[in-house]
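Below is one structure, written out as structure tokens; the observations come after it.
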């Protein structure tokens, strides 16, 4: 147990990851069975960026970014760094200098369940960041943690090498072994959604498109005219 | 009590609603006696949009958007859909497909005390959204709720047919029967504010403009020179 | 103790403040020993603004902005108004009219551990605001507080006359007496950072640049190959 | 709209309220269709108290308890005072002196979406309190609000005269007109639950008692032996 | 600026502190002008303890309790240790061993804007603790901070030597120089409250006791009979 | 991926689990390298209960407890049920009836990152519960999830069969394969702590006991007499 840096981690196929990234977080999340979403607490610091990469993970001590430096060495082109802390932390563990280092190694972005700083500079660099906070609070480099072990981020397990997709809707994690299946399912979903989009744009209702009228009836939902509802005391009926 | 969809709800006069929308949330909220504001937890997903509409309300189960589909059918041009959940929920209950459907029916936007997704697409469509969260987490369509009943959103009661105004400051609800009075009061306030704006821009102080010097004195507020304050121990005086 | 308005407060040297502002919040915070940061809860309502000023402080009652009007009179060119409330409050205590008044007096911006409103108008005016909330909820002018006394904002003490620097990373407070030393330290840091930036952009790792390899070893961090790690039961090793 | 004190409010039948109170919050909430629960944010300051009463409602300004004093006059024996604030507030709006006054009028307790203080004294008095916070922070008596108007508490609408039931699980509101039906439904539920309790205590599973096995199968839930699951890559299967 | 341990701090008169403690947090907070309350976020881990002491302050790094050990040496009988962290932290920085050490030095308790652990043991020892969290998460001893400097706790400034009073309502800080005045004011308040208590217990209303009827009228509060209110559309009037 | 119920999960040795339980959460957490703590958000609904068991895990949909019923069948004597939801949820997913069923199967308690209800009854039964909320809000049984898959609870990974220890300090998870080593380390720690306890009770300082004086010096911590500190401007020095 403990403070390890795992090397030589196998990654999801980067070509598959890139195709998943093109489909976006919501579509991929649905395609893998409505799982893997890292929650509404991780927000992009920029607008309009959609990216993907293979996870290198880091577990830091609160107020300490030592292990992000250790993780940088494990990164290779196509990776996306995923960081959390041993306990809740909003400090600015990551900034423009670390982004410069990661960009030089071909890293595609950062997902961090903690804070980042230098956000104006990060936006200007075009280095995509999804974080739980923006904070200038600096950190020390004193306490050990781990790199490339499974971690929890936003209530989901992220394992090294998993496919990470991120856009304005947040971040989704696709298990490494399931990336291929996820892509097939997501492409099928995109096709179905395009049909739905046209039907809905043409005025068809979701009630009919998805066959929900029977569901409503089966669950006892009644239609009541406002006049009758109000006469019966309205909300007090 | 219960799972009803109320039809034929009377709406606030749409012409009045449009004029209220032109005046903005803060002004309308003040004009109706500092009431009806749906709180700081509902944030726009876009910048610079100011709109208004008549409320169609929906009450959903957490993690379930069945009743949004039922509500869509009750919407007509000029409406604005207002959604909440039976218990706190951040899931992405609403996205681009539902927005496509609502836009096709002339709906002006969405206010939701839960999450939305596809925010890049929603911004691109120009469909205005105010939400409690952005989340790609998908929902099911299994459990009944209600449409067009009074609901609580952000600590305020919203009734179907009420006037809803939304802009970068958030969302305000004006009771249907009070919309006309609200407009008169808001217009009067705008005129007064224009006078205040000029006075303040010219260097007059709010202390004088609003007659606050006597209030300060009556409440025992004293002016102390810094040197004296510091000599007396400063903050420990 | 109590309800005082302190006048004639000495300020940090404005020329020093302006130079600090040019260096940004994160750099200044580090230069003064990783202190003075007002926390991740104070967010700018605009993007890309970096400013600084000397603090005029105000302590308000929740739901009441009387003392902001009293504080306005104590402001002079180069000041930055810093406001908090006696208990947690998200109400919109400040809006476009107050900003008009402050701008007319040469005030550079607002830092408020409460809410603001008229944010579209404030952005259009170019009046920089860092706040804990955006809320249209209006306030009354009934209850006394204090102006230019030490206050707590975001877990830090702010004293009248202190240097306040604010940008997209948040807000930092530099004690008045320490502003000169802070500038010297910040300038030195900027020079060092430029060297680090070039090294990192050239591919050097932080592990080497900052001499962290020995630290990792001293703390018992081990490198393990993935195959060995997985064979030993992976995360259960 | 506005600052009114409504007098002569009709109440739910107190005998019915007392019987509902005997059945507890969870049972009553289920019996009325899983509605009316005032949320997990309202916690009892004491253990083991189960009570009920008819609602007198008060809407206060944050940091101000003027309207609680106005509400006290509207209370009569069997009432339970329900208070909220115009915006989020944790201040100690209520303490032992107000409880003494209410107890003298036969009031059964307090539900407040804000703070209370003197909690040791309130416990010693046996005056039941459910609140969003405990705080010694005092309040002023300056700003108007309303008494006996519908309010939102914990995401639910509470109307004057409604039946309020409170115990260690929190608080539920039963609309006045529905109290009788609620009692009948709750009594029926209690009988059913007693049967379930015996079956479950005897070792029967909820899967069988509630007929859930078919549901699981219909939703595609598969049973997999651990050895097979682990061989397939465990969680990555 | 910086990492100092201040020795030989003057304390508030312990006899005065003890008398203040006997009066309780709410009373003392009111007596000093409704100030100094450390907020609803600091909760006692035990019930029914009321104590007071003179503040020794410590500022720690998140996830690190090194400076609590440094602070212990500065404690003497009658002190109460007050701890915060440089950024928000819930870790269990303090437990039974540190309490054993402090108890051996005559320290009366702990106020900490972070977490504590061993709460069962601390309750059994009778060592009073007010904390922002309970957490078993351990901390390291690596990073410097400060002892006996002014700190912010719960939005209030606490200076070394200040009088700290704590009970079931939370914690209040009385500036050292103001302790004597606080006691006089608090004693006077207690006498007034006893009169109020008897009047209210006898059935007098706060509306009359505090002369609030005129205030209500002056603020435009109207009394409306329910029948009239309902006829006018009730809440929609 | 997906909706599976894993059967026949190997468990940690129950005798080892029982011994770990006797040592308590904080001790075990430290012994395994300060890891595995499920965070301050999971609180016991009772005081003074310390227990342990082997994890059966369940992943539910928000507002839906179908999978808890499925999990009950997988429980055997010595187990402890650990539940989370697919997205944040405070609903009362568990109450007295389910506890009756689990108790009949020899289950030792419940850890749930969601809400529970019937807390008075659960306390009376002596069924230990650690939860993120208390809420009477009921749930449906409509949507699939999983049983005995790895889940994230409180930022930590919990796998079926892991050892779970819970007491007043919260909950810690010890990986199944590491339980034996954890026990050895925890017993050694207890012995060391007993020595420390005696030394500290006898007046020795942690500064000396843990050799921290050199650390302070190495990190530049200076001792300053109060008089000197105050003369230099106190906190502004």
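Order of writing sets the chain letters: A, B, C, D, E and F. Residues in each chain are counted from 1.
Everything that follows uses one rule, which is that a contact is a pair of C-beta atoms (placed from the backbone, for glycine too) under 8 Å apart; a residue touches a chain by one contact, two chains touch by 3 or more.
These numbers were taken from a predicted model, which means no experiment stands behind them.
Chain centres here are means of the Cα atoms, and by that rule the chain farthest away from subunit C is D. In terms of the distance between Cα centroids, subunit B is separated most widely from F. Looking at which positions face the partner, subunit D and subunit F present mostly different ones, since fewer than half of the interface numbers are shared.
Mean C-alpha positions place subunit C and subunit E at a centre distance of 27 Å. Centroids of subunit B and subunit E (each the mean of its C-alpha atoms) stand 36 Å apart.
In subunit F, the residues that reach two or more other chains under the touch definition are 1-3, 34, 37, 39, 86-88, 90, 135, 137, 142-143, 150, 157, 175, 178, 235, 237. In the complex of the two chains, the subunit D residues touching subunit E come out as 1-10, 66, 69-70, 72-73, 90, 92, 95-98, 100-101, 103-105, 115, 117-120, 133-138, 141-144, 146, 148-150, 160.
Those residues of subunit D whose C-beta lies close enough to touch subunit F in the complex are 24-26, 29-30, 34, 37, 39-40, 43, 47-48, 50, 167-170, 172, 193, 196-197, 200-207, 210, 212, 215-216, 219-227, 229, 234-235, 237.
Within the complex formed with subunit E, the residues of subunit C that make contact are 1-3, 32-35, 37, 39, 84, 86-88, 150-152, 155-157, 175, 178, 181. By the touch rule above, subunit A contacts subunit E in their complex via residues 61-64, 86-91, 135, 137, 140, 142-143.
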